[in-house]
Each structure stands twice: as structure tokens, then as C-alpha cells.
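You will see subunit A twice below: alongside subunit B first, and alongside subunit C after that.
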Partner chain A sequence: MLELTTGETLPFDYLTVATGATPRLPSVPGQDLEGIFFLRNVADAIRIKSFIKQRNARGAVIIGAGLISLEVCEAFRRLGLETTVVYRKDLPMRRLGQDFAEQILIELESNGAKFMASTLLEGFEPTSSGTIMVHTSNGTLESDLVLIGIGVVPEVSLASEAGIEVGPTGAIAVNENMLTNYPFIYAAGDCCECFHRVSRKPVHAPLGDIANKQGRIAGANIGGQKILFPGIVGSLCFKVFNLEVASTGLTLEEAEKAGFKASSATIQGVSKAHSYPGSLELQIRLVADTETGRFLGAQSVGGDGVVSRINALAVALTGGLSIEELAYVDLAYAPPFSGTWDPIHIAAQKLLK
Partner chain B sequence: MKKRLVVVGGGAGGPSAAAKAKRVNPDLEVTILEGGEHVSFSS
Partner chain C sequence: MLELTTGETLPFDYLTVATGATPRLPSVPGQDLEGIFFLRNVADAIRIKSFIKQRNARGAVIIGAGLISLEVCEAFRRLGLETTVVYRKDLPMRRLGQDFAEQILIELESNGAKFMASTLLEGFEPTSSGTIMVHTSNGTLESDLVLIGIGVVPEVSLASEAGIEVGPTGAIAVNENMLTNYPFIYAAGDCCECFHRVSRKPVHAPLGDIANKQGRIAGANIGGQKILFPGIVGSLCFKVFNLEVASTGLTLEEAEKAGFKASSATIQGVSKAHSYPGSLELQIRLVADTETGRFLGAQSVGGDGVVSRINALAVALTGGLSIEELAYVDLAYAPPFSGTWDPIHIAAQKLLK
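For the complex of A and B:
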């Protein structure tokens, strides 16, 4: 039985918990001030855009340098806002490695965004003119608006109250049918965990594509069709200005943390055949298990052709391919799309050496 | 009596679950609860 805020109660035979995730709060003074935003849904986006328009905003500060922050940075620059990204680490998207993160930094700065590295947020203060003072460990910035994008936390308060089990990641624990510890309560989306097929551990991967798949699997099972969610390999992509960024599986650091004896190879390639017009540089890093040769993950940045390669590599990960198999895998070839040796082949060949 | 499915959350996973459950078993009575102003904006 569900109790609603309207005072009604709602009986059910099956329940699906799809409560999503909520923005992580920085817990600093002044974080509730007008002009400080999170971006989680359509209503947030509408609020941000109308605030910019109403206030005729000129400058924005973004706290955090993950996917949402970097995508918003591009959007703010396109609206002509002076934009500063404040991040506690030395480079944006640090997870992808220093070399790739540096490329993202160059892309931000060459598109007019400022990046404040290794800077901690200390608090916000209003000014009499309606702007916001953003206090950081590297000084104070004045801004018309602030976007906080420092991640999300699974929304599990309702689930916890109902005695639904939460896993090691803090999200709802589910089995392959998306069933919780109750035989009639399912969970799907950003509020629940998923099984990572490479690390063999539950992870919290709050991404819309995964939520849709989990929801469909939960619904099928509730309807009586007993199908399984096979888990994820940890694929993601985003675009920041003219740079494509994507990754799948584990980084070298993550592979080592997961207990693999791992090695990696990074290559500089081009998106199309060298001779073909419009061919742009891209870099790919492949990670493999040194002992078994099993392919464990890939990261890539570049001007073009990044996501198609990472998608092919996501399938390779799902299929459990070895680096040796990847080095000669039969990818589609024509000059508008790759050289005879695709960057995937070149990276795998390098890792074999 | 018809079996009742209640889905808490109308973002992405919730509507996907509701729609698939109803397709697989059209006899289900399905209710989605959403606290926000928009439904199914990422399904």
C-alpha cells in the first residue's frame, strides 16, 4: 500500500520504484540562493533559460567538470555567457587520464571558457545588485548565475523507508529481473544498481539509456515475460564544443583497482583515411588484462569518429573478446570512414607488442 | 480481479516499465506517480 501526499492510499499487487537520482549538494553556505541551479530535468532547463533571459545574464560559474557540467558549459558559451568552470581536480573528466583530460581542457579554453583547476568551493553570498559571490579556495568570483553539476545520488528514501534493500553503491539492489528483496517490488533507472560485466561488481550508472532498458525488463517481468537484464559494460559519450569524448569498460586505473593485472596502449589516429577530406585526429586507449589478453576497456577523444569506435568496442567487451581478436577484427572499411587499418586495429596491435 | 501495478517515478525507467508491463499483460491496471511537471522526458 502506498500513502500519497494527497492523503489517499494506493493498493498494488506489483510496485516499480523508479524514483531516479537527485543532484549531489555541495553543503556550503548560501547554496539555496536564487540564481543557483542544478540541471536534472526539463523544468530545471526551463528555469535556467528563463533566468538567463530575464536577468540578461552575462556570466556564469559552473561547479564541477563531469558530463552535465561540460555540456552546460558549451550551452552557456553558445548563449554568449562568460563561463568559468570550477573543479576540485586538476583537469576536467580526470577519469579518462591526464592526456585525454588535457585535450578537453584545451577544447574548453579555445572556446572561451575559463577553467579553475584544483579549486574547492567554499560558499555563496548574494550581492545588493542581485549577483552571486562564489567563494573558492582560489579567490572569489562574481556571477549572474551558478550551475552545480557535481554528480547525483540515487533517490532511495522511499525505498529505504519501505525496507527495500540498498546495495554497496547506495542505490537499490536488484537481481537480473530488476527485482528487489521483495518478490513483488521491482526497481529501474537511476535509483538502482546495475551489474558491471567487466568488473563483475554492482555499480551505480545513472544514465538514461540504461534506465530505459531496466524499465523495459522490469515491465516485461511484471507482465509475465521472464527476461533478464544482462548488465552493462560502462559505456558513455558526450560532446563538448567540437570534441567527441567516449569510453567503455574500465580505465587502466579502474582495471587495477578491480584486481586485474592490466596494461594499456594509446595511439594517435585519424577518423577517416589519411587522404580523405575532413579526416580529423582522434586518440584511442585500449586496456587489457596482461595475464589473459582479455580486452577490458577503451577511452577515446577526437574531432570525429570517436563514438562509432567506442560502440564497436562496447560490443567487443560484451562478447569478451581478446586484444588478439581485436587486432584483426573485420571492421567495415572505406576511405570516408577509416584507413585500411582502423585506429582500433592500430591500438590493439600496439598493445600486443 | 485485475492485478494492479503502481510505478513510482515518471522519468525514464518508470514509463518504460509501465508501458512494457501493459503491452505484455493488457489486463494489468497501471498507475504512474510523478511529482514533477513533466512525464517521460527521457524515455
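For the complex of A and C:
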């Protein structure tokens, strides 16, 4: 029986908890000021856009340098806003490694965005002219608006109160059928965990495509089809200005943390054949289990063809391929799409040495 | 001991046969006329281009409608030549199925090329003005030059004379080390067979990327590294005008011929999220083993993102994935690169029904 705040009660045979996630708050003074935004949905985007128009905004500060923050940074620059990204780490998307993170920084800066590295947010203050003072460990910025993109937290309060088990990640624990610890309560989407097929651990991966899959699996199971969610391999991608960024599986650091004896190889390749017009540089890093030769993950940045390679490698993780298999895997070759040796082959061969 | 035509002899410990393939000849009268070309290498391309310039050629006929023929068709049209493709089958690239072949035909015709379907070549005749009469079962064409692209045959005469075993495909039979029936004679490239991992049969797949891999494997083995060539899954791709065409594994027809009880599903998808600018239509067909649910092959045509999907699916064949696994495989999602459900997911889910 579900109780609503209206006093109504709803009986159910099966319940699906799909409470999603909420933006992580920075817990600093002034975070509720007008002009400070989060971006979770289309309504947020419309709100931000109309604020920019109404205020004739000239400048924006973005707190955080993950996927959403960097995508918003591009959008702000396209609207002509002076944009400063404030981040606690030394480089944006630090998880991808210093070399790749540096490329992202170059892409931000060459498109006119400013990046304040290793900078902690201390608080916000309004000014009489309607702007916002952004206090940081590296001084104060004045801005027309602020976007906070420091991640999300799973919304589990309702579930917790109902005695639904929350996993080690803070999200709702579910099995392969998307079932919680109650045999008639399912959970799906950003509020729940998923199983990472490479680290073999539950993770919280609040991404739209995963939420879609989980919702369909939960629905199918409620409808009587016993479909299993096979878990994820940790694929993600985004575009920032003219740079494609993508990764799947584990980084070297994550592989070591997950208990693997791991090694990696990084190469510089091109998206099409060298001789073909429009071929752009891309860099790709493969990570492998040194003991078994099993492929564990890949990261890539570049002008073109990055997501294409990462998706092939995501399938390789799903199939449990070894680096040796990747070194000679039969990809489709034609000059408009790759060289005779694809960057995947070249990186795998380097890692084999 | 190798005997050269010069009378010299070369002693060897190991020999690699890399005699390649030669263009298939149509065996019709007049095929040696000046102005009739094959395209196997860069020298051929240069020869064709300078012939076009010197003769101030206006029109070309292409015999055949496979990869090379269609790529040349695009090149000829870009040079402004009136181009007619003569093909014995009803549609170009017929192997990909009527629907996809029709799309390729539309692409040819909307770029000004003419296609003569179900037409047999009967012979060539010179004219006094230096042009060529191309006689076909559907009448005679007059043309400045002719390109014959009806495939290649493995060059195995030297090998045959030396007692090297030729396989059922007519190409040199090799094992996983690229070794022939002689324990000290290797073969690599377009002259030899390779093992098709899906049909589990030897095939002749004369493609540049495969030749490269075989060469490296042969060399490594001669050098003492016992690397195995794991075989191919039958991936190929090409671009014709603005259409990407790619396939991997078996078509439905090939799967049935290989003894599988197979079924297929075809969907129309888009290369990026619907809402994203520049998203183009693509169609993809997945083929599965009806009895085991194993994924057997895919074909795709479209404006963008075709090769990217086929490469992910080539890896899926390598890993032996099932259609069920493909229906929920964790691909990297962001609107510039796909919808939350990728065409791969949508096709796999359709095939599951």
C-alpha cells in the first residue's frame, strides 16, 4: 500500500521505485540565490536559457568539470557568455588521465572558456546589481549566473523509509531482474545501482541510456517475462566543442583499485586513413589485466571516430575479449573510416609488447 | 630452393608466398583493348586518371557492381564522366539484400550514374575514333574507357606447381600460423584463404586489412613468435557518394546456406539522437541463429554511423554474443552520437520478439 501526501492510498501488486537522482549540493552559503542553476532536465535548460535572455547575461561560472559541466560550458560559449569553469581538481575529467584531461583543457581554452584549476568553492553572495559573487579558494568571481554540475545523488529517502535496501554506493540495491529486497518492489533508473561486469561490483551509474534499459527490464519482469539486466561495462561519451571524449570499462587506476594487476598502452592514431581528406587525430588508451591478458577498459579523445572505437571496445568488454584478440579483430576497413590498422589494433599491439 | 626466371636460385629456410590476386577477366572478345582498365593498385589508378586526361574522356562504362566498381563509379562521377554501371544482377551489391541494394541504386542514380541491371557483357570492339563499343545482352554502349571490376582470383600458379595445397575456395590453404602444407612455407594475403569464425569454413577474402594481418602473423611466426591468426568475421565497408555501406558476418541467405536455422530483423534508425542536428537515417539488419539466439551477422546502409555500428557488431561476432546480449549492450550514449536506444539495441529487440 502506497500512501500519498494527499492522504490517498494506492494498493499495488508490484511497485517500481523510479525516484531518480537529485543534483549534489555544494553545501556552501548562498547556494539558493536566484541565478544559481542545476541542469537535470529540459525544464531546467529552458529556465537557464530564459534567465540568460531576460538578464542579458554576459558571464557565467560553472562549478565542476564533469560531463554535464563541460557540455554546458560549450552551450554557454555558443551563446556568447564569458564562461569560467571552477574545479577542485587540476584538470577537467581528471578520471581519464592527465594526458587526455589536458587535451580537454586545451579544447576549453581554445574555445574561449576559462578554467580555474584546484579551486574550492566557498560560497555565493548577491550584489546590488543582481549579479552573484562566487567565492573560491582562489579568489572571488562576479557572474550573472552560476551552473552547479558536481554530480547527482540517488534519491532513496522514500525507499529507505520503506525498508528497501540501499547498497554500498548509496543507491538502491537491485538484482538482475531489477528487484529490490522485497519480491514485489522493483527499482529502476538513477535511484538504483547496477552491476559492473568488469569490476564485478555494484556501481551507481546515473546515465539516461542505462535508466531506459533498467526501466524496460523492470517492466518486462513485472509483465511476466523473466529478462535479466546483464549489467554495464561503464561506457560513456560526450562532445565538448570539437572534441569527442569517450570511455568504457576501467581506467588503469580503477583497474588497480579493483584488484587487477593492470597495464596500459596509449597511442596516437587517426580517425580515417592518413591519405583520406578529413582524417583527424585521436588518442586511445587500452587497459589490460597483466596476468590474464584480458581487456579491462579504454579511454579515448580526439576530433572524430572516438565514440565509434569505444563502442566496439564496449562490446569487447561484454564479450570478455583479450588484448590479443583485439590486436587482430576483424573490423570493417575502408579509407573513409580507418587505416588498414585501426587505432584499436595499434593500441592492442603496443600493449602486447 | 627458389628458382627465378633469371636462372638464379635462392636458398631459404622459410618461404612466404604472397603472390596476391589478379583481376578476374570477363573472357569476352576484345578485353585487351586500350582503354579497358582494372583497378588493383595505385599505379592502375594513376594510369586510369592520366588516360582520362589525355583523351579528354567524357564517358565511362563500369563492368560489375561490387565494392571497387562502386567506389570507382563515385570517382568517375566526381571527374565529370558520364558513367554507366553494367551488372549481371538486378541490383548493385545484391548480397546485402534487395532493400539495401535498392538504396545503393538510388544513391548511384541520384548522383548521375546510370545502372544497367541484369545485363551480361558480350564483348568489346574498337571504333575508328578511339572509343570502345561495349556489347551487352541489352545493347551496345559507346565509351571512352571501361573499368572492369568483377572481382579477383587468387594467384596460386607458382604455389600449385610447387605442390602447395590449394583449398576449396581456390586460394592457398593455410593453418592458424599461416603455414601451408609445407612446414617451412607460409602464405599470406590475397593469395590465401582465411578461416571464417561464423560459418567455421575457409573463405577467400581478398581485403587489404586482412592481408596486412596475415602478413604480420606469418612474419611473427617465422621470427619465432607463435601467434595465431584467429580468423575473420567477414567485415567490410565502403562509401559510395553520401552513402555508407557495411556488413559483418553472414547475411540471412548465407546463414541458411551455412546450415543455420536463421532469422533476421531490419530497422530504420538514426545516426545521432533525433533532436540532434545532422542526424541521418540508417538501416540495419541483424541475423541470428533461431535455435541458439546467437548473433550471426549484420548489414547496414545509411548516411552516417553505419561503419561505427558494424564494427561494434564485428566485435560482437568475435565474442560470440547473443541477440539478447546485444539488446541491452552498454554502448556509450550522448545525443551527438546516438539515441538512448541505439539502432543496434532496437534491431536486436525487434529480432527477440
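Of note:
By our rule, the second predicted complex is superposed on the first by the 353 of 353 C-alpha atoms of A that agree within 3 Å, B and C clash if a C-alpha of one lies under 4 Å from a C-alpha of the other, contacts with A are read in each partner's own complex, and residues count from 1 in each chain.
The working rule: a residue touches a chain if its C-beta (ideal position, glycine included) is under 8 Å from a C-beta of that chain, and two chains touch if they have at least 3 such contacts.
Since the model is a prediction, treat every value here as computed from it, not as a measurement.
Applying the stated contact rule after C-alpha superposition, one finds that A:219 touches subunit B and leaves subunit C untouched.
By the touch criterion stated above, A:232 is placed in contact with subunit C alone, subunit B being left untouched. In the superposition on chain A, A:288 makes contact with neither subunit B nor subunit C. Looking at the shared chain after the overlay, A:319 reaches subunit C, while subunit B stays out of its contact range. When the shared chain is aligned, subunit C comes close enough to touch A:310, but subunit B does not.
Among subunit B and subunit C, the chain that touches a larger number of residues in subunit A is C. Once the two complexes are laid over each other on the shared chain, residue contacts for A:208 go to subunit B and to subunit C alike. By the touch criterion stated above, A:132 is placed in contact with neither subunit B nor subunit C. With the contact threshold set out at the top, residues 208, 212-213, 217 of subunit A are in contact with subunit B in one structure and with subunit C in the other.
For subunit A in complex with subunit B, the residues that touch the partner chain are 2, 4, 10-20, 41-43, 158, 186, 188-192, 208, 211-220, 222-225.
Subunit C makes touch with subunit A in their complex at residues 67, 197, 207-210, 212-213, 217, 227, 229-239, 244, 246-248, 305, 307-316, 318-321, 324-325, 328-334, 336-337, 340-341. Looking at the complex, you find that subunit B touches subunit A at residues 3-25, 28, 31, 33, 36-38, 41-43.
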